[in-house]
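Below: a set of structures, written as structure tokens.
Common to both upcoming complexes is subunit A, partnered first by subunit B, then by subunit C.
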Partner chain A sequence: MISLESYIPALAFLAEAAADAVKTGASEMNFGAGDFFFYLFAVIAVFSAFMVVTAESPISSALFLVVTFFAMAAIYALLSAHFLAVIQVLVYAGAIMVLFLFVIMLLDLRKEELIEKRHWLLGAVGFVVGIALVVLMVASFRLSQNVEVAVKSGTDQEAPDAAKFPAIQESADQIDGSRIEAARFGTTRRVSKHLFREYLFPFEVASLLLLVGIIGVVVISRRRRRRRPPGEVIDEEGAS
Partner chain B sequence: MHGIFTLLATSTHVESLDGDWLWALIKAIAFVGIFLTIVPVMTWVERRGSAFIQDRVGPNRITVFGIKNAGLLFPMADGLKFLFKEDFLPEKAEKILYTLAPMMIMIPAFIVYAVVPFSSPIMHESVADDGAITRYIFSIQIAPNLGVGLLFVFAIASLGTYGIIVGGWSGGSKYSFLGSMRACAQMISYEIPLTLSVIGILMVYQTLSLQGMVAHQTGGGLLGISWLPHWGIFVQPLGFILFLVCAFAETNRAPFDVVESDSELVAGFHTDYSGFKFALFFMAEYASMVTMSALIVILFFGGWHIPIITPENPGSYLIDWFRGFDMSLLWASILTTVIHFAVFMAKTGFFLWLFIWVRWTLPRFRYDQLQALGWKVLLPLGLVNVAITALLLLFYGM
Partner chain C sequence: MMYNAGLFQYLSLAGVLFILGVFGVLWRKNAIIVFMSIELMLNAANLVFVTFSRFMASHPDGYVAMQGHMFAFMSMVVAACEVAVGLAIIVVIFRNKKTIDVDDMNLLKG
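This part shows the complex of A and B:
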């Protein structure tokens, strides 16, 4: 657990960026229901992510991570990536985090056991990485704002920065021309067509990697089984 | 659905009321109300049914003005008891999580109803002066336009496990903790076969939308037999059996109620709970039973379709039959919707009874037996089902 103090400046920075976004959102864009829900879930996601790191009990920490996944799924759904949203909840919130909780409960980690002295270097590295992430996030946020301005105006005059990024400018033109297409791109049919036609090879490679992982787990757990005294029952076969 | 399709194809304009959030809210409140009313009825059926199966009399002591009512007032007495009992907080409990756990199990159980199509849509038409016909559609489903329907159900239903895990852990008692440990182990062993069991039927229906699945099961003439309805159970018999078995594990009902196992763990994960918090756990169990029964009906038993009467000929469909009596489209479709809803509830009711029937007939599986069943029997069978379905679709194009 990284100390609370090191995160305060980072959070303040983020809050400022969010406030900026809300202001521009209210004045320049039509602040509709979609925007409201986006900011609602964004705030929930950031808050619960913060709580994952700072929560005292590992169980609450894991539960806040579930909330983060859920809020992110909601944001995916708002971006009309329905399939991704549902898979996010089904796989991460519904299955993987249950396993996490299982392990935490199995080890019965309590608050007291986790309070131990950490090397100062760990904290420093964490701080630097955290700041780098925030900078990356804000940078990508600014870039995406340029795209939106370009979409709104349709010309380069009001968005000089976008002209520097031809790819973004091109995609901005496409967004404007194909709104209906955009509403459909996240459907199960579309995603599976992409996955099993264009990206079949990466898909198979990824599944092979997972298979290797599964076999690895079986091998490791078998080795342990031999060392145990006979008669001890192991009841979580292949549980991962 | 045929009659509806013909109607939609012949109209100049189709307007849907489904996008209106106010109607969605009204529908949501109405459905939650309906299913909250089912819960006390189910407790009555469970008690009287178990008594019937075990050759006992069952609850029959409450009489009103001397009239025996077969214990129908017991659910009311139960509800009052839950409200007035002390809300006890165990000494070692984590207060916030302990309070949140019943809600964590209750909310997913009800959110699932958002995508369930309960009946055929209500329609209304208006003819303009120039002969243009505008037809309005009102779906009996809270969120009809969600394309990921079935996945949504699984995603939300899988969140219900947290209620059990957190509820068992936060009480600080060993019995309830063991219950929630078992819940974790049980969940990983049946969730994969559950998902695998529907992949076959998804391949046949080619859609994830529950509405689309019901539409796919219209009419008869399956395998050339004119009276055999086009239901999922006849297309995917193995898939149905796998789904049914996993549904019992998903709802934590006997023979897979190792999470509760009254005879070993007192009451399993909710041992420490009392008063209304316990009532919430109790209600969530019945709510998820209703969900799974409704899903079985939608996936494998034609949803709100009436067997045999639902013919291949679109012209003689129920709604068209009603319109034959000079009824306006609105009234004809309302009547059809009511009948379809009754059919849907009757089918769902049968499976609810099946849950009770099985509970009072079969003994409980030991928790390692349940895991062995999930991993060594159901999972391979699910894979076999997917493979066979794929081959059949590839060569015969079912």
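This part shows the complex of A and C:
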């Protein structure tokens, strides 16, 4: 269980990591293109997420949310999660945003209703709660010893980079099997291997969940008409 | 200011996005914008999954590191369902009450 006491080492860990980042950044000046693009898309994502929360009209909120989703897709690509990046664009920036925009257009909202916000203190409470949740995440991360060891070894060496392993063209006896697997990290091939082998059951459950979602939406949004005696004029507005 | 993008930077980005999401849920009254903030938080959680997955990849057991991608994939499925059902609920509420202010949704308050 995660107790309040574990917050303190977590905060210490965060400070340590920040200090490490500053130190390594100052000592080795190898600032690659990947780093540049990370910061570029991170700034875009944070700015547009801020605009999502603060924009007055829901339409501009939705459009800024699209920008956020595209920036997140770029960051997934930087993490060599190519498949997830494509899915992010297709599902979030495509399907989900179209749903949002349609619903915004269906509802005709009054102008004064849009700009209503709560007292700023509640926003400050949200800020504090968010920070507490982040620290909780770090705390649980610290408590799970295995992950910590794995991640430490992961930050010491360079993470596998697809560009560094053009091993597919190398001769067969030079190829280390694990290096090939590392080179394929995040590709559709590796994802599908996992998805259709050890994660086959969750995959099927997900499809069932989508089916339930479709049926649920139809049932919820259907207009229910009152039973009327025959001969009476039925108004098309539909009594709810 | 030349800092390489590592685990800490990616997790900080996820944390900032999550904080913005919580902020939006608590501060805004428009149900649709509250919903978008929830989407932001889901995205931040996905980013944490993918980040840990990537930085575990150079571990000796690197083959298992793709599990983070599976979790992110499943949470995208859940997000899609949640958006569809939630927006349908918002449409029905608007049809009945002619508003989507979350403060006016107090039928179950008792």
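The rule is simple: the second predicted complex is superposed on the first by the 125 of 240 C-alpha atoms of A that agree within 3 Å, B and C clash if a C-alpha of one lies under 4 Å from a C-alpha of the other, contacts with A are read in each partner's own complex, and residues count from 1 in each chain.
Rule of thumb we're sticking to: a residue touches a chain if its C-beta (ideal position, glycine included) is under 8 Å from a C-beta of that chain, and two chains touch if they have at least 3 such contacts.
All values reported here derive from a predicted model rather than from experimental measurement.
Undergrad: Which chain makes contact with more of the residues of subunit A, subunit B or else subunit C?
TA: In the superposed model, C touches more residues of subunit A.
Undergrad: Would you sort A:F83 into first (subunit B), second (subunit C), both or neither based on which partner it touches?
TA: both
Undergrad: Looking at the overlay, does A:A95 come into contact with subunit B only (first), subunit C only (second), both, or neither?
TA: In the superposition, A:A95 touches subunit B and subunit C alike.
Undergrad: So which bits of subunit A does subunit B touch that subunit C touches too?
TA: On subunit A, the residues that contact subunit B in one structure and subunit C in the other are 83, 87, 95, 99, 106.
Undergrad: For subunit B, which residues are in contact with subunit A within the complex?
TA: For this pair, the touching residues of subunit B are 94, 97, 146-148, 151-152, 154-156, 158-159, 161-162, 165-166, 169, 177, 180-181, 184-185, 187-189, 191, 208, 367-368, 371, 375.
Undergrad: Given the complex with subunit C, which residues does subunit A contribute to the contact?
TA: So the residues of subunit A touching subunit C come out as 17-18, 20-22, 24-26, 28-32, 34-35, 38-39, 42, 45-46, 49-50, 52-53, 58, 61-62, 65, 68-69, 72, 75-76, 78-81, 83-84, 87-88, 91-92, 95-96, 99-100, 103-104, 106-107, 109, 113-114, 116-118, 120, 122-123, 125-127, 129-131, 133-134, 137-138, 147, 150-151, 153-155, 157-160, 178, 181-182, 185-186, 190-191, 194-195, 199, 202, 206, 209-210, 212-214, 216-217, 220-221, 240.
Undergrad: Contact residues on subunit C for subunit A in the complex?
TA: 1-11, 13, 15-30, 32-33, 35-37, 39-40, 43, 46-48, 50-63, 65-67, 69-70, 72-74, 76-81, 83-85, 87-92, 94-96, 99-101
Undergrad: Quick check on the complex: what are the subunit A residues that touch subunit B?
TA: It comes out as residues 57, 59-60, 63, 66, 82-83, 85-87, 89-90, 93-95, 98-99, 101-102, 105-106, 187-188, 233, 235-239.
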